Amino acid sequence: MKRRKNARAAEAAAPETQAVPLLSIEDLTVDFRTDDGIVHAVDGVSYAVETGEIVGVVGESGSGKSVTAMSVLGLIRQPPGVVRGGRILFHGEDLRAASARRLREIRGNGIAMIFQDPMTALNPVMRVGQQIVEALRMHTDGLSRTAARDRAVELLRMVGVPNPEKRVLQYPHEFSGGMRQRAMIAMAIANGPELLIADEPTTALDVTIQAQVLELLRTAQRETGAATILITHDLGVVAEMADRVVVMYAGRVVEDADVTSLFAQPRHPYTVGLLGSVPRIDSDDILASVPGSPPNMIQLPSGCSFHPRCPLARERCRTEEPVLTDIGGRKSACHFHDELRAADTEHLFAVESR
Amino acid sequence: MTEALTPPGPAAAAPELLRVEALTKHFPVRGGILNRGRVVVHAVDGVDFSVYEGETLSLVGESGCGKTTTGRMIVRLLHPTSGRVLYRGENLAALPSRKLRRIRGDLQLMFQDPHSSLSPRMSVHDIVAEPLRVQGRYRDGGPARVRELLDLVGLARHYENRYAHEFSGGQRQRIGLARALALDPRMLVLDEPVSALDVSIRAQVVNQLRALQRQLGLAFVFISHDLSIVRHVSTRVAVMYLGAIVEIGTRDQIFQSSRHPYTRALLSAVPVPDPTLRDARDRITLGGDVPDPANPPSGCRFRTRCWKAQDICATERPDLRTQPDGHAFACHFPESATFGAVSDTMITTGQQEGR
Amino acid sequence: MTAVRDADAVGVPIAEDARVAAGHRSPIRLALRRFRRHRMALVGSVVLLIVILAAVFAGPISGHDPNAIDLMSTRAAPSSQHWLGTDSTGRDVLSRLLYAGRVSLGVGLSAALLAVLAGTLLGSISGLAGGWLDGLIMRLADVFMSFPSLVVMIVLAGIIGPSVTTMVIAIGMFQWPTCARLVRGVTLSLREQEYVHAARIAGARPAWLMRKHIIPAALPPVTVVGTLAVAQGISLEATMSFLGLGVQPPAASWGNMLTEAQSLTVISSMPWLWVPPGVAVAITVLAVNFIGDGLRDAVDPRR
């Protein structure tokens, strides 16, 4: 009888059910040792993902958004990385304390991942169909090869690869960029994961292909009911896909809110700057710009990491690191988030004069 | 606040600076595995447009559309397979080399990648001064000019003795810009100048570019795949697909009343950072993938992904037809002039499976 | 307010200022720093320096005329008068050793220089031109590399007649292909760099590109190859002169000093005749090789 290994273990590990979020990252800290010093890639990051929710994690280079996600599945190479502290609770089970075997059970099964570059996830010397079959058979006992093959063809059809019976026998290099991404999504949802982590899944794709793949992700999410962590730097993608948004800067979470509230009324200066500096295809507004550049991750600024670039910065920002605080159903890590509530945020950052 | 960039065009007063006629570039590629003869990639296939003084013409399209190759042919980094590039009426290919060298100063390029566009072995001063030295213009006030250029792009003067690796991506792009401006060009080709930069830095550099354009009266050819930025910087826009221009017009003509199906699909595919518009937009999702540029479809190249394709589209390649208002598009069945704005809501005409 | 000026100076985090204030980190300076960290290279440099100084100040150090024949005391063992004894014609071994250093080092260096110059020129032309010229030059390089060097050098010496010049040319002839291949590789990769494109767009001609971009980029690996070529040249000279096909007596070279070691008697009972030149060659070649290793690490593109 076909049994899912994941289901068995989950029953054993998590006695409670509804109150606990599907995934909860608590105070995660990850450092990297480099020739120039220690990079504090992730510095006390906490956020949660509920069942069936799409959480968009937004940040620029050095924000730590990818490292956080990779830590969930234990994909950080140690050395040079060092996971220094924190808990990663999946169904209440701490993945950091899990054995290698347990992690292998969860990977591709309870939690699946999609990467920016599909060639990273796809083996170039193995046929695409074969790779999906392996993913299936690894997590489902007693699945025959034929049944797995059929399922692989089904999956390719589901993700919109034309001629799946033919394509299933091809190698990754025979697929176009968009199709490879679809194949990777097929592999990821093959075992019906509860959580999908998508790390910049469309960044390398053309805009029309991106639209296709995003629609596919939306459909996949709707049909499987999987929660999704969507990591991206593109605010447009976040606005279109996410239920909730986590904004990261310099290894820390600076804001955490539902998507509508975040865009309508950002409560962190970085978010304000980011939203103001992104050009929109449906308007001609002048762009505001955030001065300076993302900080040196080896020697972060004292206090609030954003203060050197912040128009609201004052003495307290230099000395005291702000804590991610609850403010009525959302969170912000800014001493003066209140001032942003009423402020005319459009003119917070320098706007080109005429 | 809306922009008010003077749109030159057939009726405008601005003189024509550059004209491109039937520009074509084919790259021969060694035959495939079975070596069935030489394979030719049609990177650019018969492109025509003009650039007027002081304006920004954007070339937009997805990968493989030929916009970068076109840009490189304008500055003579690549030689066209056929067609002409005319600068102020003179055919660049027909000029004697001495005159061409002098004219080169007028047409410069800014690169996309901040890491490979600056020599790791030269100081910032030398990088910016190189064009001057090449043209023999350094001896006469060179050092002062370099400092002036650094001021122009917003970099501190004392940075001139540093080396490129000490700077961030945004700063490196500014150095590249200073170098491109060294010879006092009349026109700058900008090849995806901000695509490789972090989102919050892009606005800085884009604003800087526009300020400089106004200050120096430069014409820009802005190459990008990012339509949102294109909307912010352009006077006119040319949309390219698989080596050809499918639509060209003023910024408003393209963004408010586009006529070519590909342009419509492209505009509808761009995500907007506004969650309230999520379900309200006209969504056209194209099926299939971009065809192989070595083997483009017969007739209209877009027909394999177009939801309106008919028989004639396979047999007859549509010409770029120019309307009286200067708006041109190449389609047998163009979209109607109304309901073309990006923010309009309209029932989508659905999708079609690609081949 | 105009578009932000020196946007990055506005509140630049302390770290960036500190790093930038730490001084110019020019590529050359960084390379020198890495070289200094390589202990064997430093040892090699010191040793080579000593050898060079000894050769330069050969006269004052030894106090003898290297060509002064004294048939009264041939093959004399080391004494207070002749620190390393005398050779078969009574000449002072020490002074011959030191003067020979000039010849051997000179040959090694000249040959390497010839190889590097020819190789760099041909390699960069090959890489820039492409097409049939590239093919021609590379086939030529292949030909030179596949010939057994020693045999050809012997033949050459037979035809032209043995001399220092013959040797320099012969040795250089076999070392240029390595350098040419290297420089061609550098040229090919550099040709696609956008900063080279930028120079071309500004109107730079191939000569400018070679001078300002290709050669500076090729210099680090070429220096390494050139250094090793010097070592190779020194040992090749020793071989040739040992066979009597190189430097001719009475001029002294470490190689032809070693010809003394062709009889069993000398080898077993008169070590001062052949050990010094042998050791000299070995030490110098080793020292130069260590320097080459250090340079290779210093120049490592994994910056």
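Order of writing sets the labels: A, B and C. Residues in every chain begin at 1.
In this section, a contact is a pair of C-beta atoms (placed from the backbone, for glycine too) under 8 Å apart; a residue touches a chain by one contact, two chains touch by 3 or more.
Bear in mind that the values here come from a model prediction, so they are computed numbers and not experimental data.
A.B. asks: Please give the intersection of the contact partners of chain A with those of chain C.
C.D. replies: Neighbours common to chain A and chain C are B.
A.B. asks: Closest chain to the protein CA centroid?
C.D. replies: B
A.B. asks: Compute the distance, rounded to whole Å, between the mean C-alpha positions of chain A and chain C.
C.D. replies: One centre to the other, that is 55 Å.
A.B. asks: Distance-wise, how many Å sit between the C-alpha centres of chain B and chain C, to the nearest whole number?
C.D. replies: Centre-to-centre distance between chain B and chain C: 50 Å.
A.B. asks: I'd like the Å distance between the centres of chain A and chain B, where a centre is the mean of that chain's Cα atoms.
C.D. replies: 32
A.B. asks: For chain A, which residues are shared contacts with two or more other chains?
C.D. replies: Residues 289, 291, 293, 352 of chain A touch two or more partner chains.
A.B. asks: Please output the residue numbers of chain B that touch at least 2 other chains, ranges allowed.
C.D. replies: 168, 170-171, 204, 207, 210-211
A.B. asks: Going by the touch rule set out above, which residues of chain C reach two or more other chains?
C.D. replies: 2-4, 7-8, 19
A.B. asks: So in the complex, which bits of chain B are touching chain C?
C.D. replies: Against chain C, chain B makes touches at 75-77, 100-102, 104-105, 107-109, 111, 113, 116-121, 123, 127, 130-131, 134-135, 154-156, 161-163, 165-166, 168, 170-171, 176, 179-180, 182-183, 204, 207-208, 210-211.
A.B. asks: Give every residue of chain A touching chain B within the complex, in rising order.
C.D. replies: Within the complex, chain A contacts chain B at residues 60-61, 162, 176, 178-179, 206-212, 214-215, 233-240, 242, 259-260, 263, 273-291, 293-294, 352.
A.B. asks: Where on chain B does chain A make contact in their complex?
C.D. replies: 1-3, 62-63, 168-171, 198-204, 206-207, 210-211, 225-229, 231-232, 255, 265-278, 283, 285-290, 342-343, 353-355
A.B. asks: Can you name the residues of chain C that touch chain B in the complex?
C.D. replies: Checking each residue of chain C against chain B gives 2-9, 19-20, 24-27, 193-195, 197-204, 208, 212-213, 216-217, 303.
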